[in-house]
Structures are given as structure tokens and as C-alpha cells.
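Chain lettering (A, B, C and D) follows the sequence in which the chains are written, and residue indices restart at 1 in each chain.
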Amino acid sequence: MTRMVEFTDTEFMIAQGARLLEDGKTFFVGWGIPQVVAILGQKLYVPNVIQLFEFGAIGPQSVLPFVRGTMGGPQNTYRSLQWLNMNWAFAYSAAGYMDYGMLGALQIDPYGNINSTFLGGTYRTPKRRFAGSGGGNQVASHCWKTIIVIRHEGRRFVPKVDFLTSPGYLTGPGAREKAGLPAGTGPYRVVTSRGLFGFDDETKRMTLLAVLRGLDPGEVV
Amino acid sequence: MTRMVEFTDTEFMIAQGARLLEDGKTFFVGWGIPQVVAILGQKLYVPNVIQLFEFGAIGPQSVLPFVRGTMGGPQNTYRSLQWLNMNWAFAYSAAGYMDYGMLGALQIDPYGNINSTFLGGTYRTPKRRFAGSGGGNQVASHCWKTIIVIRHEGRRFVPKVDFLTSPGYLTGPGAREKAGLPAGTGPYRVVTSRGLFGFDDETKRMTLLAVLRGLDPGEVV
Amino acid sequence: MKIRKEGEIEYRFEHPDDFRNFVRDKRSRKPEPKLRSAKEAVSRFVSDGDYLVYDFSSLTRGPQSLIREVIRQRRKDLWIGAEFTLHESALLTGAGCVTRIDVGFLGYGGYIGQAVCEGKVRVYDWTNGGLALRMLAGARGVPFLPTRDLLGSDNMAVSAAKVIEDPYTGLPLAAVPALNPDVAFLHVHQADIFGDARIFGTNLFALEAAMASHRVIVSAEEIVDPEEFRKDPMRTTIPYFLVDAVVHAPFGAYPGAMPARYEIDLPHIDILNGIQTEEQMQKYLQETVYSVADHEEFLDKRVGAAKMRELRGKATIIEGYR
Amino acid sequence: MKIRKEGEIEYRFEHPDDFRNFVRDKRSRKPEPKLRSAKEAVSRFVSDGDYLVYDFSSLTRGPQSLIREVIRQRRKDLWIGAEFTLHESALLTGAGCVTRIDVGFLGYGGYIGQAVCEGKVRVYDWTNGGLALRMLAGARGVPFLPTRDLLGSDNMAVSAAKVIEDPYTGLPLAAVPALNPDVAFLHVHQADIFGDARIFGTNLFALEAAMASHRVIVSAEEIVDPEEFRKDPMRTTIPYFLVDAVVHAPFGAYPGAMPARYEIDLPHIDILNGIQTEEQMQKYLQETVYSVADHEEFLDKRVGAAKMRELRGKATIIEGYR
């Protein structure tokens, strides 16, 4: 007999994200769910992953309890290799030392462009205002492969984001390089509560890689 | 009766330089004789002077014996307020925090332009090659008032330096600003083994301020 | 003139020579006692219309007691630049102190989001990396610094960042203008009466902000002997000649955490997160700021010895914070 | 192609994307034991024609044992970038290892000056600030950084620094190109077998050089437990994933000083300062480098336990170096 375990959408996303971490690699971890993914991943699968946080913690081994919403507290600064500041943290990513970046998002478009700034209305008079980039723009610009963790809701997958906070492939193949962003970088995976997406090498558009068991692709795309 | 004390030209320069230090001000100290001047001045006249060295020592209180030719050893790093690195040291001066800079020189012209790179011949095939700028170019560019300590020998006072290592007033009034150097900076005093020179506010050319007692101006200019 | 306009966009910018002149003429290098009450420090060094920056956040090592003092003194028309402006922006907006915010990361709770939507406060998105780099430019005395991010994003369009061409490769680069704030708040673990200061753990841009700002107010959990700094120069975060006032502020980061000193007060943070309406905001400000004379009375009457003991006890991660 | 020519001027420059690709493909992030002999480390990571940088000088905390090993292995056509290249440049030139030197501060003694005059070695004057900024650009992944010095000086004419116009003020600024050396030598107080390293006291551009270089060799006075670093992250100068080899080298800075460990050997320095002729140079190299197999034999046969004891005893300034 098999044992049934219930899980929430968020828990599923976190578990999926944690499985994407590659041991012995460097991860630039964004605020929120990515922090939880990184902690879970390091504890379950990838002890030698080097986490990096924009507030200057290089290679911490975060401890629980992790206080929701905090960043830079002793828990996720614990046992770092090095404590620095933000300009140094982004130097590591800008110079190419960060293999992966992991970010949450409000909206995402087919090219993996992320909005975390506002929804609806205009920049000056938005319907709803959110946190904005934080360091997400730098993470998405500098890291070799960016993993985006986002709830699977139709309104979050849009043809065009209301505000392009952090760059995906912009308008398509070659657009990042043309804009001056570091060559060979860009979105790698999109982890949702229902499935896993990648990006087509040719078109740079999002493609479905896997769906949550029990769902059929039609319910995901 | 008065007691006779003999002194060398160098000792006289050092003593003169030490008297120019202003207490409660910041001094960016160059390599060589300026280091000795700073140590003497702090011990004799200006306990609250803040010395800064390009190797990252902020506000040290150097101790003797001072090892000739060394820079960055424990002696002139001792009891600093802060230990940093070179990029930070030059940030202090670039942002305007260094009131005075003190430098040695091989050659100086009437506008206080300094050569410490080579004498004779060309840059590629010099007759004699010396240390070059070190951090002297930054000190002369950033500090509000630059004090130059130089032996009083005719071949050192020239109409045109063989190589402009560290900027004085360049070609005259307004030239520093035109070149993009921080406004309101420039050479302030030239201390030699025979006299003390300043710079004319109008012409920006060197002018004699005082001579060693016992000499007449003719022997100095 | 320290505020520039480019169409819709306003940004703080000062010619590097103007900032240098201020540093030469108005910043003392003398080791003078600078211990002040928060009231004196804020009234003397924070004026209406000032551009204010601070290091870290309302959750971690933020200068919360100084921010409450700014609210208490009802400063107006402040412009804040903050990598992480969490509850600070909400409280300062609710108190009518702030009209413009450069971010960074804008949070939390419904109140500040609503205020932005209603146009009560204008936000300019520079991103965290952009603000950190602007501060570094201000500290290095250069009018701009280049970077390989911001490019291709809408943050370029809503900030005054510009695309320039690299003279060596022809690559497009983003240039961000130097930032030289009127005043910086830094809450630190230890300071002496002259202003030498130590932060344990990471910081966002503490030294950059101290060098780049016209005035610097340090609030410290602990006041130590100046000799301590000269004995251990590697641990000095800020030397005294960058500091204008030192405020002794135990629990100065409350309700946030001070690493290795006390933990975050989560129930209090939940109250802050819950603030949605003007009424809730004014009630909170009345209780925690207006109704107490100063930080000492706040700790005494609104926090209490038992709570402080509890939070100190929860700060069990000490390793490395020294 | 990492060497650019502009008329008379040659300079080391690598497109930031090329350096990033190297960092992605060739630099391991895994915590692997990297303890090597100087012989292994130099033979594996230093090739003829390489661009080499090192932190500090032959008088203070310079990687002298590694430089002697480079001479022993008779590397050719090296290009060195050094803020303070004191006796190193003379010895490397005398040994025929170096053809180009970016300075900085070139010294000392008659030998190197003569070598420059005779065209044995080409010098490019970038100034100390210019080299430090080039290294910072290399570490920050930007192709250039701007500065308000070099301007108006002849250093602009003999280096590849360029005048650019600031997009915010129109000010002329000097731009210096990023520097991404092939290899960096760092002599440190403590390291672990993975490469985590600590320098006590000031440094010139240790972290910049470690981030900006393709390969990094750390030589350490002392090898410590890796746990030491995680217990005290504020004291880490270089994290292990920036380091390719760790060499245990007690007295590795000899004849220079290692702050708080041993003092400079002045009689030996006077011998170095006295080297004027080719004959004197070759005699010195024979005695101190070629005639000994490695650093251990050098210390044993050419320095001796008594001298080392004496120099350790002279290092009386300990305060702050921890």
C-alpha cells in the first residue's frame, strides 16, 4: 500500500525547486520562496551548494527556524564563508561566479521576462504596487541560469508583463546580448505549482517540460 | 650663549615640512621623505593629524624605528583607525576628505607639475629611470593642497618636466579644472633644503616665501 | 541645486565638486565628543526636504529608533533612498514625512502599496544593485559608475540610469549617477564618543553611505572606549571623521533584530504587516511614537524589560558577530 | 586575444564575456583539497607569456617564495602588474622571466632602472590608483571604470587610459580598462586546504585580484581548519572558490616582513638594494634561487633557524593582526 501525503501548491513548488539545485554550484538566492527552496535543497540534496545573498552573505548554511520575510538575519547568514556587502555580492555575480539565480515573480511572459513591481494601471498610478526589483534585476542579469518560482495562475502567465523588472530573453533570440547584458545568460527553468518549464534554444520561448502527476498538459499550458 | 646644532639639507627639509602640518586635518602621505615628515610632525606638533596611506592605513600613529624605504609595514600601520585597501584609500581622497597631500619629487616646474618617473632621454629610452607615480598621481589629483618636498638643486627646478607624473597647475590658471581634475585643488607649498615656496593665486606660478636663515634670496631663486 | 528633472523623472544628483566642497568646509576631522540624544541629533542634522538613506532594514539592524525620532519631530518632504525599505517607508509615509522613495525593495503590507497607488508618495525604481552602485560612486567622488545590469529592463525607463558605450569594447553599459545623500542613519553594534563605529555581520553599503553623505548619524547598541578601535583597526566599519553624531540606542533596531544581540519581535512585526488603513496607521504611530517622549520611554512603557529579556535570550546565534 | 596594441602601447585586456566564460567553465566551486608544493602550483598554473599580479611588496607580505619558484622554473615572457614592484621586478628581469611591467611603483636599486633604460624590459605607467581601479573593474565584470585622476598627466599618454565624458555633468573623466590577469599570487597569514584565506592588516587589492584573475595561488604562513572560516566570516579575505592552489609557505614573504609574524631582514634587503651589475644579479640568483631545490631548502640552507628566530623575535607589533 502507498501512503498518501497531502501537500499545498506552494509546498510542491518548493520541493520542485529544491530538486533543481545542482551540488557544487553557486546559487544567487532571491527574497522569499527561493530562500526556502535553497534551505530545503541544501538540507536534502546539495550539501556543497554555495548560496549567495545580495546583503553580503557568501556561502551561508542557513539554520531553521527561518523567520518568514526576513533577509539578512543571523539565520540565513549563519556559517558563511565570508561576510561582505551588497556591492561585493553583485561583483561575484557580475564577474560570472554565480551559476544559478533563483527568483520569485508576480508575472512572467513567454520570454521569461519577470514583473515584480506592479499589476494594472501605469507605473505612476498602478492598480497594485509590489516590492519591485530588490536585487532581482541584478540576479536575472548576471547569473548564468535563472530559475523562476511562480504560482501557477493564468493571470501570472501573460503575453506581455505590466513592467519588465528583471530581464528574461527580452524580445527573443540575441536581445539580451544586444542590450548589453552578459552573453550566455538567461532564464533556465520556471517552476510552478503544476509543472516545470524550460526555454527553447532557438526561439527562447517558454516550453513545458513536465507536469504534476495526475494533471494532463492541457490543464497546465 | 647659543648652542650650535648642525643639520643636513635633508634634515632641514624634513623639519620645515613637519612645521607645515596643520593639526586636526587629514594628510595623504606619499612614499619616502613625506613619511618621515609625517612621523616627526605628529610627534612634535600635530597629535591629532589624520595620516592616510595608499596601502590602506587610515589614521595610523606610526612608531619608530621606521624602516627606511618600507611602506605598509607594521610600523607605519600601527594604531590606525581603520585598515582597508588601496581602492578605499583613494576613495577617501577622491571624495574630498584629504586636506593635504605630501609628495617627494625628482623634478618640478614653475606650475608645480611633478616628475618622478624618468630623467633624460625619452619615456621608452630614458637616461635614468625612477619609481614613477606610485600613488602620487592620485594624491596630487585628489588632495585639496599638495605639499612637495624636494632637494634644492638647480637640475630639479626646470621650466618643463621630462615627464608629468603628478599634476600641478598643468599649463596655468584653470588648466586643472579643464582637464577634469577636482576643482579647487593643486600644489600649495614646495619645501626645499634652502627655502619655502608657494604659488601665486593669479598666475599659479611658484613664488619664494622664505629662505633658510643665513642665505639671501639670490642663492635660492 | 541637488534635484534634477528629466521629463517625468526626478533624481537626486550633486556635482562631485559641490560635494567635495562640502566635505572640505563642513566636515570636521577633529576627534570631538559627538554623543547626542536622538532628539538633538535629528533636530540638528535632519531638515525638511532632506534626502535620507539608512543601512539595512526594519527587520535587521535598521536604525528604527532614529526613524521613530524623525516621525516624532514630524519632518516633511523627505526623500528616502533604501535598498530594503520595509516598514520604514510605510511609517514615514503614514506620518507624512516622506514624499519620494528610491528603491530598492519596497515593502511590506498593504499600506505603503496603497499609498503609492494613490500617489501619496512617488517611487523611483533603481533596483538594489543600482542604489548600492550609486552610493559607491558618491563615495568614490565620481559622477557615475557603469554596470552590466538594468539594461533592457523598465527600471532604465523610470530611473535616470543611462545607456553609455564602453570605450574599450563598444558594449552598451548602464550608467548610474552618484548619490550623495543629505544624511545617513547607521545603527551599529559598537561606537565610541567620537564616532568610530563597528558593525558585526554583513552590511548593505555602510561605508559607502558614510563617505557619500553630507551628514552621518550613528546609533549604537553600545558605547566603547576609543582605544578599542586603534587596537583592532580591521574591525572598524566607519572611522570617526565620517560621523557627525553618535546616539546611544540600546534596542535601537527594535522591533527588528540586532544580530547576536536580540531577535526580531515577530508579534510586533505582524502588527506592522497588518496595517492597511489610515486609521490603523495613525493608531500605531500614536501608540509607538507620538505618545512617548523618546526611545528610552518607548522601551520602558511600550516594550518592557520582560520582552527585551525574552528577545535577548532568543538571539542564540553569536558565532562570528564580534 | 588578451593583448591589445594602440600604436606604441600594448595593454592586457579581455572582453568581460570571455572572462565570464572562463569563470563558468574552468573554475571549480567544489571544496576540494588544493594543498600543493610551490613547484606543482607554479608549474601547473603559471605559463610562459602569462600576465601575473601579486599583492603587496618584497618588503611587506609579498609572495617571495612563489616568485623565487617562478624564477627557478625559468618562466619566460611574463608580464607583471604590480602596484609596488620593488625587488621582484629586478629579480624576475635578471632571471629573464619578465619582458613587460605595468606599474605602479617601480623600484628599487640600480639594476631594474638600468634594465628599463637598456630596453631589456618595457614599463607601462598606469599609477597605483590606476592599477587598483583596473583590478576592481576586472572583479566587477565591467570593461572599464572612471576616475578623476590620471587626467592632465603623461601617464595618460603612455598607458591605454582614455578620456571620456561623464553623461551627467559633461566632466572629462579618465577611464581605465578592466584587468583580468592570468594568475594572481597572494601570500596570507592563514589558509585552509580548500583555499579560504585570511590576510591580517591592510591589503592592496587582494579580493579584487582573486576575483579578477583566471588562476589564484595562495601561499600561507599557516594552514588552519576550514571550520575556522565559517566560525568567523568577517575575517575571510578570500573564499575557497576563488583559489586554485594553496601552498604552505612559512617565511614565504622573506626577506620581507610578514606583519605580526616576522620582521624584514634588513641586511638581506641591503644586498638586494646593492645589486647593480649583471654579475651581481646572477650571483644573487645562483645563491638564493638556482642552487636550492625549493623554499624549504632555501630556509634551511640560506636563511637558517637562528635568523628566523631572530626575525620572529623582532616582530613585536602584534596588536590588531588577528
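Just so we're on the same page, a contact is a pair of C-beta atoms (placed from the backbone, for glycine too) under 8 Å apart; a residue touches a chain by one contact, two chains touch by 3 or more.
All values derive from a computational prediction rather than experimental measurement.
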{"item": "Third chains touching both chain B and chain A", "value": "C, D"}
{"item": "Centre-of-Cα separation between chain C and chain A, whole angstrom", "value": "27"}
{"item": "Approximate Å spacing (C-alpha centroids) for the pair chain C, chain D", "value": "38"}
{"item": "Euclidean distance of C-alpha centroids - chain A vs chain D, Å", "value": "38"}
{"item": "Interface hub residues of chain C, defined as touching at least two other chains", "value": "16, 140-142, 147-148, 171, 173, 201, 207, 231, 233-234, 319-320"}
{"item": "Residues within chain A bordering two or more other chains", "value": "57, 77, 79-80, 83, 90, 94, 142, 182"}
{"item": "Arrangement of touching chains [line / ring / star / complete / other]", "value": "other"}
{"item": "All touching chain pairs, where touch follows the definition stated at the start", "value": "A-C, A-D, B-C, B-D, C-D"}
{"item": "Footprint of chain D on chain B - complex, ascending", "value": "31, 54-57, 63, 67, 69-75, 77-80, 83-87, 90, 94, 117, 121, 123-138, 141-142, 163-167, 170, 175-176, 179-182"}
{"item": "Partner chain B, residues of chain C touching it in the complex", "value": "16-17, 19-24, 27-31, 138-142, 196, 207, 211-212, 229-231, 233-234, 236, 239-242"}
{"item": "Residues on chain D engaged by chain C in the complex (per definition of touch)", "value": "13, 15-16, 140-148, 162, 164, 166-169, 171, 173, 175, 177-178, 200-201, 231-235, 319-320, 322"}
{"item": "Of chain C, residues touching chain A in the complex", "value": "8, 56-57, 59-61, 83-84, 103-108, 112-114, 116-117, 119, 122-123, 125, 127-130, 132-133, 136, 147-155, 158, 163, 171-174, 201-208, 257, 259-260, 264, 266, 269, 273, 315, 317, 319-321"}
{"item": "Complex interface listing, chain B residues touching chain C", "value": "24-26, 48, 50, 57-59, 61, 77, 79-83, 88, 90-92, 94-97, 99, 142, 144, 182-184"}
